[in-house]
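Read through the structures below before going on.
Each of the two complexes below includes subunit A, the first together with subunit B, the second together with subunit C.
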Partner chain A sequence: MNEVLQVKSLTKRVKQKVILQDVSLSVSEGEILGLIGPNGAGKTTLLKIVSGVVRATSGSVLFDKSAGIGVVPEQAALLGDMNALQNLRMLSSIRGKIGTSEIKQTLRRVGLDPDNKTAVRNYSLGMKQRLMLAQAIMERPKLLLLDEPTNALDPLGIIDLRMLLSELAQAGTGIIIASHLLNEIERMCDCVAIINGGKILRQVNLRSTEQTSIEVSVSTADDWGTLKRWAESAHIELEKLTPNKGLPRGILNTKMAVPQVIAELQSAGVAIESISHVGPNLEAVFLECAQLEGGVYR
Partner chain B sequence: MSWCFFSYVRITFKRWGGRSSLNEMGLNHKNEGDISLLVEMIKFEINRLLKRRTSLFLGVVLLVALFTGVVEYLGISTPKRTIFDVFSFSTSSIMSLLLAPVAGFFTGGALVADSRSGLLSLIFSRGVSAFEYVTSKVITSALGQMCFIGITLVVFFVALLPFFPMGTIYIGAQRYSEAFAYDEPVTYCFLIALLFMAAAVAFNGIALLTSVWVKNTFVVMAAPTLLYMGLTYVMRMGPTKVNLLDPYANLALTDVSIPVSILHMVCYWAVIALVTHVLAIAAFSLKKDYM
Partner chain C sequence: MIRLWWNETLRLVWCKRFLAVFPAFALATLLALANLLPYFRAYNVQTNVWDGVFGTMADWLYFRFIILLVFVFLTADTLVQDTSSNWSWLVLPRTNSRLRWWTAKVLSLFSAALIYFIIGFLVVFAICAMQLPYAGNFSEYATRGSEFNAGVGTLKFPAGATPFVLSTQMILYSAFSSAIFMMIPVTISIVVRQGYVALLIPFVWIFLSMFWQTNNFIFSIDLIPRLFYGSYFSSFSSRVINLSTSLIYLSLVGIACYLAGGYMIKRTDF
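After this line comes the complex of A and B, so read on.
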């Protein structure tokens, strides 16, 4: 898959303070990358460098300039005297790629009324955030940078955002989201980069197809024995977990999909009580990487 | 990885002489595209300027102030009250006091406002470079200042027409240019309008240059006034005056002991305007961080 952004060995120093250190990452077409980390970790600085408002001390940023970048900054940046349509018309006039009909369509897509004549300064925070999203996606950029996009959005707004980003990703847009909301990141993103102290500590692939974890509960100890023998014969790693309500259970690390495992176990004669796919535990990984103590950001 | 190299742009940051530089671009990066982007940015900035309601308010404030100059003029005896006489007297006495703050408030905070609001990131993300952005800002604000002062003076002149007859200048001009003003009142009035327009652009340049480093809108807007007052004070406190450099004398058309022409004064402010704007473009383009 084509990459829409490649960041190589990016370093940013302000006087003696290191803000980013040797950061490298890439985003492919249709990929949603989450950036998570404590306050001051360097997430916003990284997005600002990619969007061009901050220059790095060293390193390189490679992207398609002709397609532009859609940016949703942390704080809404709009012309308060004008209404939503005027704001977007003004911004779209810079590149001159789209007309009023496309702008109106984008406004409707983010849940705003294009005929609303209210000045943007009188908008609620949620409406401003939707408008920021509209200006970012209206010119159909190949790369979208979102800094805390769920800020000020109500639950419905967050669901809308999730659906919209999914649609954009399916259409081939590469997306980077910086957020503190681990649940949302886990739901929206394909891959997560954990950043702390200006370094990328770990990248977690949330949609890995190479190996998945499947949690299985069986009815009896005999079934557990059968399961264990089947796993050994199929060369599948089986990790035993503490029994739940007396039912033996474990994790199977396999490339097989859940329906295939069910079929295999049934033919082996294992009575399955429950079976489910288990994704990576982002919170646990984040806590480990960010070295949090007592649930408090450091 | 399948990079289509020619359609991509590579921005490389390197440590070079203590500052970073944007020094490598895609091979087919079109320069003509940059020029069109600059033109679009200028149009964008002009649209924004035209939508500003404060421009009208500032114009009204300036007109009211100019009419107070007319009131002062009516209290002074003169062989004959003429429109050129009252125009030159009122503008020379009021503009020397109000031009710096009005010019500073008109467009001085333009750069810092975008930076503080975050609008800059939306503009840069559309492929506009720092140079294109600041150049469009400089051109637009300079043109805006010229139009603002020019239109205000034209409106003021037209408003005076019903009340004063045509005729020469008697007291409106100062000693060094008395003869010229007497013989060519129309040209003289045109030149003082040009002088104030050039000075307004110079004050705009001082504010823009300040805003490259200062992020407080009010400090930026007040910077031309503070500098103007400070320099005027310094020029007047010494035992030997360097009148040619005195900003007040070169704007108020007074107290010039060395005979100079009014055209010299226009050039004086035009040079300051050019230098400050070029410095603002250079300083902003070379900045490391814009937010």
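After this line comes the complex of A and C, so read on.
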């Protein structure tokens, strides 16, 4: 797939302080990339550099400017004395690419009434967030940047957002979401970059088809021994987890499908209590990164 | 570019606080009329609506401390607001050029000032028309004011001027000079991103100029605000400043601010 964004060796320093250090990443058409990290990690600065609001000290950001870029800042940036339609008209008038009908259509798409004459200052936080989303997608940009988009959204709003982003990605839009919420990132994104101290510590592909993680619980310690020997002989990585209700359990990182693993373990004589596909454990990866960085999250 | 300019102008004038234009000009008019009407009665001189209009808009005190101060309040923090509210984050990626954005911002100061003074003029005219009779030319008071010892509010008119031409000139000149004046704090606010600083600079300047006036030093602190209240239109004309030199001076200040702002805006983070 074509890349809609390429960030190469991006560094940002403010006086002596390093905000971003040698950050490289790319986003393909239809890909949703999650940026996770603690406050002050550099997520917002990275989004601001990509959108051209902050200048990088060194490095490059490559994307098709003519295709446009949509941005949803963390805090709603709206003109309080105007209504939703007037706000979007103001912003769309800069490029002049779309008319009122497209704006109204976008407002309906995010669940807002285009005929609502209420001034935006009287909107709830959730409505403001929906409006911010509308302004970002109304011109159909090829690249969408969202900074904490689920802030202020109610559960229904979060579900709507997830569906909308999925639709946009299917239509070929490359999306970057910066968030603290691991759960939401795990659900929405194809791939995640963990960022802290201005550095990307690790990138995890959440939709990898090359290798899957399978959690297995077995009945006894003997079964665990048999499982371990089977894994060694099959050259499969086995991570031991803390027992659940006294049952030994672990994660198998393998290319095999779950039914195949069940068949192999049964023929090896392992008594399986439970087995399931778990995918990459984002929380575990995140905590591992935290420990590598000196436990900053603890 | 034109769309961006229109956008920035709307941002300045299409908000609740811009409604302050009405009470500001109404207050200045009422104060000016309260000052002028006793003169008219005392000398039993023929007056008309233009005496009220020019008596308000060309009065240095009301211009400086009401009309100009309200304009400062309406426009000084335009750039600071954009950055603090993240609005610039929505606009800049759409413009693809910081210099275009800065140019539109500067031009919007001029268009907002023009709208401000046109509305203000209409407010002043409407209130004065309720107190003084309408006429198509200058009154006896305006043309022969010195004979009645009416020092306050009398005007020195250019040869051949009519009230309509003079009103147009006054609106254009006031809008131009006020916009140039506001370019100074707006340019500084690119670097000093504090709303109160942007407001404080013109406020302090205006108040200091009240106590620190000099007529023959071109860089005196009161030069720019003094030009606003219209030395050209007022009987208190300066010895060194006339309309053409003041326009050149203001243009140079405007160009300097625009270039300095353009240089800084390319190198700053929002």
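Here, the second predicted complex is superposed on the first by the 228 of 298 C-alpha atoms of A that agree within 3 Å, B and C clash if a C-alpha of one lies under 4 Å from a C-alpha of the other, contacts with A are read in each partner's own complex, and residues count from 1 in each chain.
Here, a contact is a pair of C-beta atoms (placed from the backbone, for glycine too) under 8 Å apart; a residue touches a chain by one contact, two chains touch by 3 or more.
Quick caveat, the model's predicted, so the values are computed rather than measured.
Undergrad: Please tell me, clash or fit, for subunit B and subunit C sharing subunit A in the overlay.
TA: After superposition on subunit A, which the two structures share, subunit B runs into subunit C.
Undergrad: If we overlay the two complexes on their shared chain A, which of subunit B and subunit C does A:N2 touch? Say first, second, both or neither.
TA: First partner only, subunit B.
Undergrad: Going by the touch definition up top, name the partner, subunit B or subunit C, that contacts more of subunit A.
TA: Greater contact footprint in residues on subunit A: B.
Undergrad: For A:V71, select first, second, both or neither according to whether it touches subunit B, subunit C, the two together, or no partner.
TA: both
Undergrad: Could you tell me if A:V61 is touching subunit B, subunit C, both of them or neither one (first, second, both, neither)?
TA: first
Undergrad: Given the touch rule stated above, what does A:L79 touch, subunit B (first), subunit C (second), both, or neither?
TA: Both subunit B and subunit C are touched by A:L79.
Undergrad: Please work out whether A:V53 is in contact with subunit B alone, subunit C alone, both, or neither, and reply first, second, both or neither.
TA: Touch partners of A:V53: subunit B and subunit C.
Undergrad: Would you check which partner chain A:G174 touches, where first means subunit B only, second means subunit C only, and both and neither mean what they say?
TA: In the superposed model, A:G174 contacts neither subunit B nor subunit C.
Undergrad: Would you check which partner chain A:M90 touches, where first means subunit B only, second means subunit C only, and both and neither mean what they say?
TA: Both partners, subunit B and subunit C.
Undergrad: So which positions on subunit A get touched by both subunit B and subunit C?
TA: Touching subunit B and subunit C on subunit A: residues 14, 48, 51-55, 65, 68-69, 71, 73-79, 81-82, 90-91, 93-96, 135.
Undergrad: Which residues, counting only subunit A, touch subunit C once they are in their complex?
TA: 14, 48, 51-55, 65, 68-69, 71, 73-82, 86, 90-91, 93-96, 135
Undergrad: Within the complex, which stretch of subunit C touches subunit A?
TA: 3-4, 6-7, 10-11, 14-16, 85-96, 267, 269-270
Undergrad: Under the stated contact criterion, what part of subunit B meets subunit A in this complex?
TA: 1-4, 7-15, 20, 22, 26, 29, 37, 40-41, 43-44, 47-48, 51-53, 117-128, 288-291
Undergrad: So in the complex, the part of subunit A that touches subunit B is made up of which residues?
TA: Against subunit B, the touching part of subunit A is residues 2-3, 10, 14, 48, 51-66, 68-71, 73-79, 81-82, 90-91, 93-96, 135, 139, 141, 145.
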